[in-house]
Amino acid sequence: MDLAFTKENEEFRQEIRDFLDENWPEEKRTGEVTEFGRDEYIAWHKKLAAKGWVAPSWPKEYGGPGWTPTQKYIFAEEMAKAETFNVLPFNIGMVGPVIYTFANEEQKKRFLPATLNCDIWWCQGYSEPGSGSDLASLRTKAVRDGDHYVVNGSKTWTTLAQHADWIFCLVKTDSEAKAQESISFLLIDMKTPGITVRPIITMGGDHEVNEVFLEDVRVPVENLIGEENKGWTYAKFLLMHERSGIAGTHVCKKALSRLREVASDKSLYGDAPILMDDAEFRRKVSEIEMDLMALEYTELRALAGEEAGKGPGAESSILKIRGTELQQRISHLAVEVAGYYAMPFQRGLTGNETPSGPEHTVDAAAGYFNKRKTSIYGGSNEIQRNIIAKAILGL
Amino acid sequence: MDFLFTEEQDMFRDSISRYVREKYDFETRQKIIASTDGWSKEVWADFAEMGLLSVPFAEEYDGLGGGAVDIMVIMEELGKGNIVEPFLPTVVLGGGVLSEVGGDQAKTLIPQIATGELIVGFGVAEPRSRFDLFHVEASAKKDGDSYVLNGRKAVVLGAPIADKLILSLRTGGNTRDEDGISLFVVDAKAEGVTIESYSTIDGHRAGDVILEDVKVTSADLLGEEGKALPIIEKVTDQGISAIAAEAMGVCRKMTELTTAYTRERKQFGTAISNFQVLQHRMVDMLIHTEEMISMAYLGALKLDEHPDERKKILSAVKVQLGKSVKFCGESAIQLHGGMGMTEEMAVAHYFMHGTMLDVMFGNADHHRKRYESLM
Amino acid sequence: MDLAFTKENEEFRQEIRDFLDENWPEEKRTGEVTEFGRDEYIAWHKKLAAKGWVAPSWPKEYGGPGWTPTQKYIFAEEMAKAETFNVLPFNIGMVGPVIYTFANEEQKKRFLPATLNCDIWWCQGYSEPGSGSDLASLRTKAVRDGDHYVVNGSKTWTTLAQHADWIFCLVKTDSEAKAQESISFLLIDMKTPGITVRPIITMGGDHEVNEVFLEDVRVPVENLIGEENKGWTYAKFLLMHERSGIAGTHVCKKALSRLREVASDKSLYGDAPILMDDAEFRRKVSEIEMDLMALEYTELRALAGEEAGKGPGAESSILKIRGTELQQRISHLAVEVAGYYAMPFQRGLTGNETPSGPEHTVDAAAGYFNKRKTSIYGGSNEIQRNIIAKAILGL
Amino acid sequence: MDFLFTEEQDMFRDSISRYVREKYDFETRQKIIASTDGWSKEVWADFAEMGLLSVPFAEEYDGLGGGAVDIMVIMEELGKGNIVEPFLPTVVLGGGVLSEVGGDQAKTLIPQIATGELIVGFGVAEPRSRFDLFHVEASAKKDGDSYVLNGRKAVVLGAPIADKLILSLRTGGNTRDEDGISLFVVDAKAEGVTIESYSTIDGHRAGDVILEDVKVTSADLLGEEGKALPIIEKVTDQGISAIAAEAMGVCRKMTELTTAYTRERKQFGTAISNFQVLQHRMVDMLIHTEEMISMAYLGALKLDEHPDERKKILSAVKVQLGKSVKFCGESAIQLHGGMGMTEEMAVAHYFMHGTMLDVMFGNADHHRKRYESLM
């Protein structure tokens, strides 16, 4: 048992740092960005892709870098420390693996490079109004008509659909059979006639998610992944995949250290004592720090297990639960740090005016509201506990 | 000892409740907060007509002579309706200060509040004060019979829509001295007054007020020069009592909306209200709501105690508020799933408002400390 | 709405205080007693009975004092402040009300005065091994044989059965019918042949509870309360009865103030800072104090409801949940106050030696262990939440 | 970076685990703690034979030269078996001090520990010290080549059954000075030594040690006079690491016992493990257990860091211990219902032991403070 990273790993870490120093300058390291420009994002994605680092989890043959789990961990850590954009999960973590695992050669050729390089921006068509955690209740239908499917229905919680070129969809291709045997996995060009995207504005004014309506949308049959009515298998594969980084430890650490900086910045407090000297505030910080430690080493243990050949299992549910709890606690701490300036709605609607309060207060409340989603999406934390009860405790 | 309401109180409750039902539904509210002004003068006129705006004032000001329990009844209903009109800064805080100091300003302004003519903005916070009411940097320098005001007051409730602002300013001593703080009434349109207007994240109107060589006269001084802190503390404690009542309305609504939603919402072939884990979570929401109610009652009934006792109890009330709105709010959103996150659902707005109530007048941590200093 | 007690109520309070000053001297006010002598207890009970105050909740005709709910509350508060023994719940809160409500005249005459006066010490024969919260699964049988029932089975968690003269038992009188129609309520003299009491020692060495074995125990039919096979009704009545005081607010307040005293006692800390000056300890105390405030006023609101004619409802489940949580938190705080001296087992086994640590440390850990029971018995807190979900929220 | 165990470590784990299964079942343990001595010399002899007692010692003392991870493996298994023999005071703490200071005493005593001949009691607390290791009132006054010891050491682990006691005493400075603290080894039977013996509430043996003009020689001084605090801190941090491993065993067992019990226990016609609320509670026990494991690993691997880093991490470990044993323990008892309260059930004893582990070396609050002073 040994905590030290090998010399090779440390060299690897240095390589990442050098790259980031060059390509992700200090002035961009400003904390988490909830809204960012499409073009800016794509530029960053392409830069990583050009370096061959955009898809750490992909097999080498499809464009992955062929890293060990430890290298992946180091890469994620350094990316978080530098506060880069996240890599688009829809492309890299979701549809990509489904394509290289289940698609035919032609589809791979057609979609994988564009997915890797973000020439296609994907969005996810899973959830529907009325089906949240319960995917078996999907109702969007695809009816075969010659060499097309005609798709009717609607999807919801579709993250960044407003930017997307394509959507990967779960659709019902056999309305008689039960869910597990009637769902197919379809790729749909967002420019196809009959598709409408309606923004959903969430608390704090964020436009992250959308409803996507499909009305007589004609999709060529060659866009079907794998076999008809076998989509359930691919969907479940996708949900289990790419759980690494699910805990978000590094992002949490960075966010917490930003709050510590602010709470220690004498210029913000003037004659008043700095917040960091408040016993109760210090206590909250220390408790989060210590909990993050436990989470980080739980993640490292899971990683070591993976390295030793055990695939990611229900343990990732533990990481998801604790990771999201910590993200939420930190986001609430930001509200406490902001004090009265948590109240003004200082972004979006009012345009580009200077905010009344200090910079760190601008996103405080909106961030807290936004983070509520983390315990809801990707299988709510209640669902995660159900999974652990069944899969680990055998209850 | 009893917890009964008077007939008059029940009447107020019913009339506001009916008003919300008939004229202030969720869609109306959303339209109001999306409007340029961010509030509705018609609603305000209705409130005046219903008598709400004169409830707490003494009869000498044509008020109804009501007390803290009357305010509680009103605020609970305003909380249930999630109403954004400036009852708190104008009637409770502005009116509270004026009632406290009396004098000519009270005689002139209170009747205008009561009739709905006058909106008051209330500002005692500053960029670096956090929740310490004694931390006052903005200054009022005496100059003959007038004062010259300079500085910035942060997050002044109601400022963008106010006719008059009531602000705390330093007339003597150092930044964090308890002595030397004075209250002034300032015309919102006076020369040298700039208001950085914004909506709060829960749809109310507020703004930072910047004072640059603003001239007022000694007639605009409220109460004795340099002795305002005890009054500010008392009136903000009244504010705490008022928002505690609002919070009890907010928590009740969130619990109600959540039980209703989970009964409707089907997953895995059954209403999700059938899952035991969610049931127990809703039970805990109910318990937090009941505790909020108990503490709001207690707060209202203790407002006239000796300042030390009053502060201690009102701090306990505010701590409960912080806990109850956070628990009920987070649970409500979690149990609504993604739906609860959207601005289309009323529950999201109760949650956002509840969160801001925790910030207002000092969050739970601030009041735990105040409580401990008195325990 | 008014918090003040009426002048009459204040006079009433003074009367209670005077009585206690006279009859429950200062030196007895030493904090909670988990083990006490039978005789000492009975003497106190009889003193209260002589005064007519032993059964505040009983109707006047059966020996109750005819108090209003507020008076009952004041009485309970003063008793707690003076740290008197609790009144035996089996007599006053449990079997007594069943008897005066459901028994025949002869039974009332025979049992009520003795119950009120503690000439009979009752214990409760409800739970059985294998049936905890689920009373419907009882298996102790009573078979009619002439003018006797022959009872076989066993009861468990029988509190203070070692002191008891009589036991009131739920027994199955019809093994075919479902539980609700096959249970009867039987009074049994503990001296009847065939009864054995086996102590159950709980964590920390307490002997509070017992198993009671019944082997061919012959019980005269005149000891049946009400109708045969209607015992379910009486049992439920009993469980709903006498919920006042369930929150234990006053006992909690007293216990907390004792801890504050100890934590502020300079003589215990010498050159070290007193514990009460420790920010985190203070925080725990203040949080408990504030939570007690919320609990107390929730109780007072329930009381006011009762006074206004609403019977005690599912609200008492809220009081039970929060009250027991607070008792448990305070009991853990006592462990923290005790520091290292929480570790020695300083009572019981070692006889009457002087404990090594200060007095307040002796029961600290044992008290914490013992209080775990409060969220288990009387319907576990999980059951209470089920009740609230159903009865108040209608889920 | 890896979290793998060596073959030797796996072997130790298996052999202790087998020993517990075959020779230290719950009934045996209960007999041992009910016995007059409160521990079993046979078990101790078996431990010596298995090599457990020589694991951490350097080869120069005939030890196996093991490290913190080896101790972790052993302590986890001792925790799972809820074993009451004095491994902690004798091997980890007593042995730890001797290894740290070296010299003649180490040469003489360590081999005796390794062979099981010598039991050591370890005492650094006092009636008024709470958890502050620098608070030392008991004194050692130099008198020529000897020292005269006076005072009381509180809750000295292993004292009633020890041959030698290792105690912290003040040789200079004031009660709460960091300087002027020394460690001495004292014969348990020496004149002037009185031991108030007791069982701890979780069945271990300990006692208060009262020193009245006890004479020792300078050869009994361990290390440099007045400079013992850093050694005491280091060795108690090793103690924390050891009991963290024990706690991970305790938490694992409590979770295991609870899932097993709830699967057996039927209520309302079904196994209570089917109730979602109880399932989620057990999931949270599992999570607390996993966190305990992670932190125990971390603690063991950081024992040799710079003192500030070591103290910070070990404090975080101890905080986790406090949280994990409390959550798992209270949940285990709750889910066992009344049964979990009885001394007949093993789970009650794990809970009691876990609770005492939280007290030992300073509770979670104490270590939150130490962590914060270093963060």
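For this structure, a couple of remarks:
Chains: A, B, C and D, in written order; residue numbering restarts at 1 for each.
By definition in this document, a contact is a pair of C-beta atoms (placed from the backbone, for glycine too) under 8 Å apart; a residue touches a chain by one contact, two chains touch by 3 or more.
As the structure is a computational prediction, the values presented were derived from the model and not from experiment.
The chain pair with the larger count of C-beta pairs in contact, out of B-C and A-B, is A-B.
The chain with its Cα centre farthest from the Cα centre of subunit D is B.
Between the CA-based centres of subunit B and subunit C the separation comes to 43 Å, rounded to the whole angstrom.
Separating the CA-averaged centres of subunit A and subunit C is a span of 53 Å.
Remark: subunit C and subunit D have CA centroids separated by 38 Å (rounded to whole angstrom). Along subunit C, residues 280, 283, 382, 385 each make contact with two or more other chains.
Taken residue by residue, subunit D touches two or more other chains at 275-277, 280, 368, whereas all remaining positions touch fewer.
Subunit A meets subunit C in the complex at residues 279-280, 283. For subunit B in complex with subunit A, the touching residues are 125, 127-132, 135, 137, 154-155, 174-176, 196, 198-202, 206-208, 266-268, 275, 277-278, 326, 330, 333-334, 337-338, 340-344, 348, 351-352, 355-356, 359-360, 363, 365, 368-369. Residues 275-277, 280 of subunit B are the ones touching subunit D in the complex.
Residues 1-5, 69, 259, 262-263, 273-274, 276, 279-280, 282-284, 286-287, 290-291, 293-295, 297-298, 300-302, 313, 316, 319-320, 368, 371-372, 375 of subunit D touch subunit A in their complex. By the touch criterion stated above, subunit C contacts subunit B in their complex at residues 1-6, 9, 70, 282-283, 285-287, 289-291, 293-295, 297-298, 300-301, 304, 307-308, 315, 318, 321-322, 382, 385-386, 388-389, 392-395.
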